[in-house]
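Across the two complexes that follow, chain A remains constant while its partner is chain B and subsequently chain C.
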Partner chain A sequence: MKKLLGILGLFIVVFGFTAVQNPKFISAYNMENLLNWTGLFGILGVGAAFVIITGGIDLSIGSVVGLVGCLLPLFIMDHGVPVPLAILSVMLIAALIGLTHGLLITKLNLQPFVVTLCGLLIYRGVARFITADQTMGFGNTHGDLRKLATGKLAIPGLTEATKFDLPIPFLILFILMVVGAIFLDKTIWGRYLLALGRNEQAARYSGIKTDRLTIMSYVICSTLAGFGGIMFMLDLNSVQPSSHGSFYELYAIAAAVLGGCSLRGGEGSIIGVVIGMAVLRLLYNASNLLGIPTQLEFTIIGAVILAGAIVDEVAKRLVHRMRQAKQQR
Partner chain B sequence: MNHPLLEVRIVTKYFPGVVALKQVSLTLEAGEVLALIGENGAGKSTLMKILAGIQQPDLGKLFWNGKEADIDSVEAAMELGIALIHQELNLADNLDIGSNIFLGREPRNKLGIVNRRIIREESRKVLERVGLDFDPRTSLTKLSIGQQQLVEIAKALSMNAKVLIMDEPTSSLSSKETRRLFKVVKDLKQQGVSVIYIAHRLGEVKELADRVVVFRDGQNSGELAKEEISHDRMVQLMVGRDVSQLYERTPHKPGDEILKVTDLASPAFPDAKNNFSIRAGEIVGLAGLIGAGRTELLRVLFGIDDAVSGTIEVAGKPREFEHPRDAIEAGMVLVPEDRKGQGLVIDWPLDMNGSLPGLNRHLKQKAFIDKRNEIETAERMIDDLNIKTPNRKQILQFLSGGNQQKVVLGKWLSLEPKILLLDEPTRGIDVGAKEEIYHLMDKLAAEGLAVLFVSSELEEIMGVSDRVLVMHEGKVTGELARSDLTEESIMQLATGQELATAH
Partner chain C sequence: MKNLLLMAGLACLVGITGCNGNGDGGSGAGGTTGGAAEQDEFGPIKTGSVGEDEKPTVSFVTNGIASFWVVAEAGANKAAEDVNADVLVKMPAEGVADQKRILEDLLTQGVDGVAVSAIDPSGQQDILNEVGENTIFITHDSDSPFTNRCAYIGMDNYDAGRMAGKLVKEAIPDGGEVMIFVGRLEQLNAKLRRQGVIDELLDREPDSSRYDEPGKPVEGEKYTILDTRTDGFDFAKAKAEAQDAINKYPDLKCMVGLFAYNPPLMLEAVKEAGKTDDIEIVAFDEEDGTLQGIVDGHIHGTVVQNPYEYGYQSVKMLAELARGDSSSVPEDRFMNIPARQIRKDNVIEFWTELNQLLGKEPPEGAAETSKKEGE
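Entry: the complex of A and B
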């Protein structure tokens, strides 16, 4: 809860500062844009959070986004697969990727870092190979399908001057966030995931099928990466197989960490991850509007996360010391 | 005038909100082995940390050879010759023995390169003093826990320690290693080294100590000279009550056979086939030396490891346990040996630990956690087991070992099991909590639960069990009825001998 307030505070500070510095920031156009990107990236962040909560990591998210982004137009445009079937197939492929990761990690005891790093390399290569590195997209066709990612929902009751449309990706993220948060905080499986992330042995000794849960978390992560991949593809409509989705896993992981997930596992909140992603997108957007060279984008994001980690650790020590003092009373 | 080597004079130590030591005094002569005993939280460790320079007293003084000594750092303590051997060993197991002995003070030549020859020669000398016949270049990983402990002692000796402080040194040693440690302590005593020995196993004190100092609630509660040392006197001074209460028993009426094991072998001892059975309402002790395969047997019973061979029957039905979940569903639960690693999510609150195994049963409403029921379960557990905690939200690492163990018991009892497996249930907990756990075991058996418990403490095995199974090299080699229980008979079976006398 405290972490959530911390990240929310950071969001408000950067938001307020940027708004004061550049009035264009709070224009409906810019806000819609910000929400749109938060929505797209947030989908990946929610998936990453599940894996990170188990104490694992998934480095292949960006490559799955890239692979799905290539497969979907390939199926539909080049092979004439019906749209629903194509979407179902790519989602299934993403889920199978997650299942493979999970099985390798639990049954063969391979390290998540290694498994998903290899995944990162493999899926990228496959994407480039099957497309022969050609740019993929729908061209002018399938405008209705693309509405799923580019569409906006007008908020009723607003005048022309205050008109504001809600981007559909953000709406989807919001639904995902609510479902994810309920799953993690209220269901027994969410509690199991947290227990397994904290102390896998104790969880197993308590009768929890930890392997199954770990596999489930990798399936959720890759499936959401696949879903995110579809959304990104529809949004951009122009996919470069060699670079589409590159580094997106790092955004997802960074958002999860900013949002209060511990890479040691057993800790984290879905709402925190979404706010974390909003902060990342906000920083990107703000540095654009404030005239900070875009080359510095990663530097700023890195510096903010590092500062967050330092503040978090210092705060934790203070709390620990206070609690100990209280214990001894 | 003759001064003691070390004297603690009316020392008081405050921690925020609590007085850890209240006007405590203690003397130590050269070449003396002093046992310091007391329940957990009695202040033993605090005093030892003061002597080792880790903490400083708030009031009172320390004297070394009659002269006031200001031990304000670990270095200052070492300078005098006081070394603390920690309960958890402080060695780097990626290095060899010699490098560990000289860690941080390696002899170097002019170029700043470590002189390995000096390390080897000097290490050999101290290793000899502790009776370890190893090349100093041997990797530490090749050594048993007991041998590593001797290396730590050798390290202290190489720094010219005159006083060794040992914090529960035998807690993880086999009886053979314990023997060996005792011999080393006796040898060192001959060489004029003094030892302050924080003891948890009272049986050892009588053998080793020249004198016993007892602490209770941060104060001196008594002192026993060598000839006065007896188990009962020690416990009395520690807990301030009578010992016969400790193993108070109600009569048990064993019922039907509830657990039957046929040809069961664990992966650690694939050829050792075990056959035994346990009846409802009896307490069966599982005795044996450390490494005899008792924990391994429990792990197979509980479905953590797969059995190599054999069958398990619960209440007459053959069962296969591939996961602890299966055993739990059959009504069998395990209180594991490693409380913090396996028994509990130690940095979680009490209520969330208490509910963990019940979440898929009575604490579930559809897929959701029944929050109200979870709270009630925790509150009931706190009341029923007399868990001393500020509230149900308390993070478990801040509770005492005894109260932590009660949470492990409580989380299982909320499932109303039929068979309770316990692995070293009283390890590292104070006498008061031990008594409560013994009484709980007794009460549960009287209510019809079958209890199978592993313990390395013979007194406990003999005090609590209705019947004892003894293991040797992975196999149950003998069975003793309560009336036949003697330390000798158990040890004979545990070391693989036939029982000497027919009964």
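Entry: the complex of A and C
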């Protein structure tokens, strides 16, 4: 919980600062957009968190997003596969990718970094090959299906002036967050996962089936990446096989770490990851609305996150020291 | 700014002297490109010594991967058939580093000629000059004028920008606020298109060397260009940039997308904001989403290049040069493949023709929509 305070504080500071500087920032339109992007990227972040909590890493998330983004329109538009079957198939493919990663890492003892880095290269190549580098999309068709990502849920009881619609991707992320948080904190499997991340050997000696849990975490991660891939595809309706989803794994990993996950494993909370992703998207949005030159965007985002991390760490040390002083007295 | 100009001038000088020097060296070089070199005011045109019956191997290198290049590839392949050559079409996936690797590999293979769309014309001079030193080298689509390239095949991007500016004037004749969106501004074609749009809207005299710094609004009598936003080819970011502009500027009247993928994403953002009646869109290139947007009346028009001709003419010229024939190289070393404006009245015709080139079905959705409108 304490870990959450730091990132939440950063969120509030940036949010408040931007709102004061440019009132349009808190317009319903902008908030809806911000929630939409947080929802889309957050789905990837939640998946990444599960792997990071076990002390692993998944670098293939962006490529899975790209592959799924190509496969879905390919199945539906080019091969006439019915929509539900197409969605099910691409999700299954994503899950199988995760299963393969998990098996290679646990049974062959390969490094997660190597396995998923190779995944990153392989799936990107496959996506480009099967589409012959053609931009994929639904054109003007499948508007109803696309509502899954572009749709908005009107919040009842609001007047026209205060109208605010909740983007569906954020709603999905919210549900994922609740389910994920309950799973991680309240179920025995979740506790095992954290234990395994902190000390795999100790967890194994105490009778936890660590291999099975590790495999599960990679399956969750890739499946969510696949689901996120569907959502991104539906939202953008324009998928360039060579670049769609590139670097998204870094956003996912960054959000997870910002949200309190330790890259050494054993620590992390799902709510933190969602807030972490919200901070990332907020920084992009804010830098735009504050009129920061497009060239400086990354610099500002990097600097703000770094400043947040430094303040967080210094504050923690101060609290620790004060507590020690109290105990000595 | 002054420093920039000075550097550009220096680079120009270095480029010109480099070209001459290389030409002298080139005439003595061995291998397939050891033919004669003609001298004129631009320096020599490098030619090869491939026999009439032999098949030269030439390469067509793009600046990335896009359906635009798939059309060019079709043109390149057709030319290879027509002039009896082998063509290697290469599309770098990851920007400058990848393009350099591809060019190095082509030189290693010893191809007879290379046509390149430079991603970063000034930054890539070293590798581009290296290509020119070792084989016949022309540029297409995005020129690199300060290198030893023999010719440039493409459109005048500044003129194309002015064409887009004219479309903006048609779309919002009473003037207003305009935003420009582009993948990256490092590319010469992006800079020139942008400047063309701005100069046309401000009714300035044509001068492609002018450069208004991005980030500051450019104000004219009727039109104000608020900003130019870049997205680094990240589609999600491209859409978010459009959304942010819609939010930030309530009086925004027109959005101009300089790269192919920008307009469909801009349109998505405008549609979601429910502002299709308030914000006009002017596009570049011929993404399906853009053409559909024109058919549906949400996009005013688009300026299209002719990638098929880029591919065709590049391969044809390279093959002829490899055989020692430099007659197809224009005197000013610039083969102009002019841009066209596509509006609602000619979009169906253009789209059908395009799909034929790509080997795709005629635009079904478009046909239906036009039928509906006719009813």
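Here are some notes:
Simple rule for what comes next: the second predicted complex is superposed on the first by the 303 of 329 C-alpha atoms of A that agree within 3 Å, B and C clash if a C-alpha of one lies under 4 Å from a C-alpha of the other, contacts with A are read in each partner's own complex, and residues count from 1 in each chain.
The rule is simple: a contact is a pair of C-beta atoms (placed from the backbone, for glycine too) under 8 Å apart; a residue touches a chain by one contact, two chains touch by 3 or more.
For clarity, every value in this text was computed on a predicted model and none was experimentally measured.
In the superposition on chain A, A:Thr141 contacts chain C only, with no contact to chain B. Of the two partner chains placed by the overlay, only chain B lies in contact with A:Arg191; chain C stays clear of it. After overlaying the two complexes on the shared chain, residue contacts for A:Ala132 are found with chain C alone; chain B is out of touch. Of the two partner chains placed around the shared chain by superposition, chain B is the only one that A:Ser206 touches, whereas chain C remains out of contact. The larger set of touched chain A residues comes from C, when the choice is between chain B and chain C. Contacts of chain A with chain B, set against its contacts with chain C after fitting on chain A, share not one residue. Residues 15-18, 302, 304, 323-325, 327-328, 334, 336, 341-348, 352, 356-357, 359-360, 363-364, 367-369, 398, 411 of chain B are the ones touching chain A in the complex.
Residue ranges on chain C touching chain A, taken from their complex, read 64-67, 69-70, 91, 93, 214-215, 228-230, 233-237, 239-241, 243-244, 246-248, 250, 261, 264-265, 268, 272-273, 287-289, 292, 296, 365, 369.
Contact residues of chain A toward chain B in the complex are 186-189, 191-192, 195, 198-199, 201-209, 266, 323-329.
The touching residues of chain A, counted against chain C in their complex, run 22, 24, 27, 29-30, 33, 37, 40, 128, 132-135, 137, 139-141, 150, 232, 235-244, 246-247, 284-285, 288-289, 293-295.
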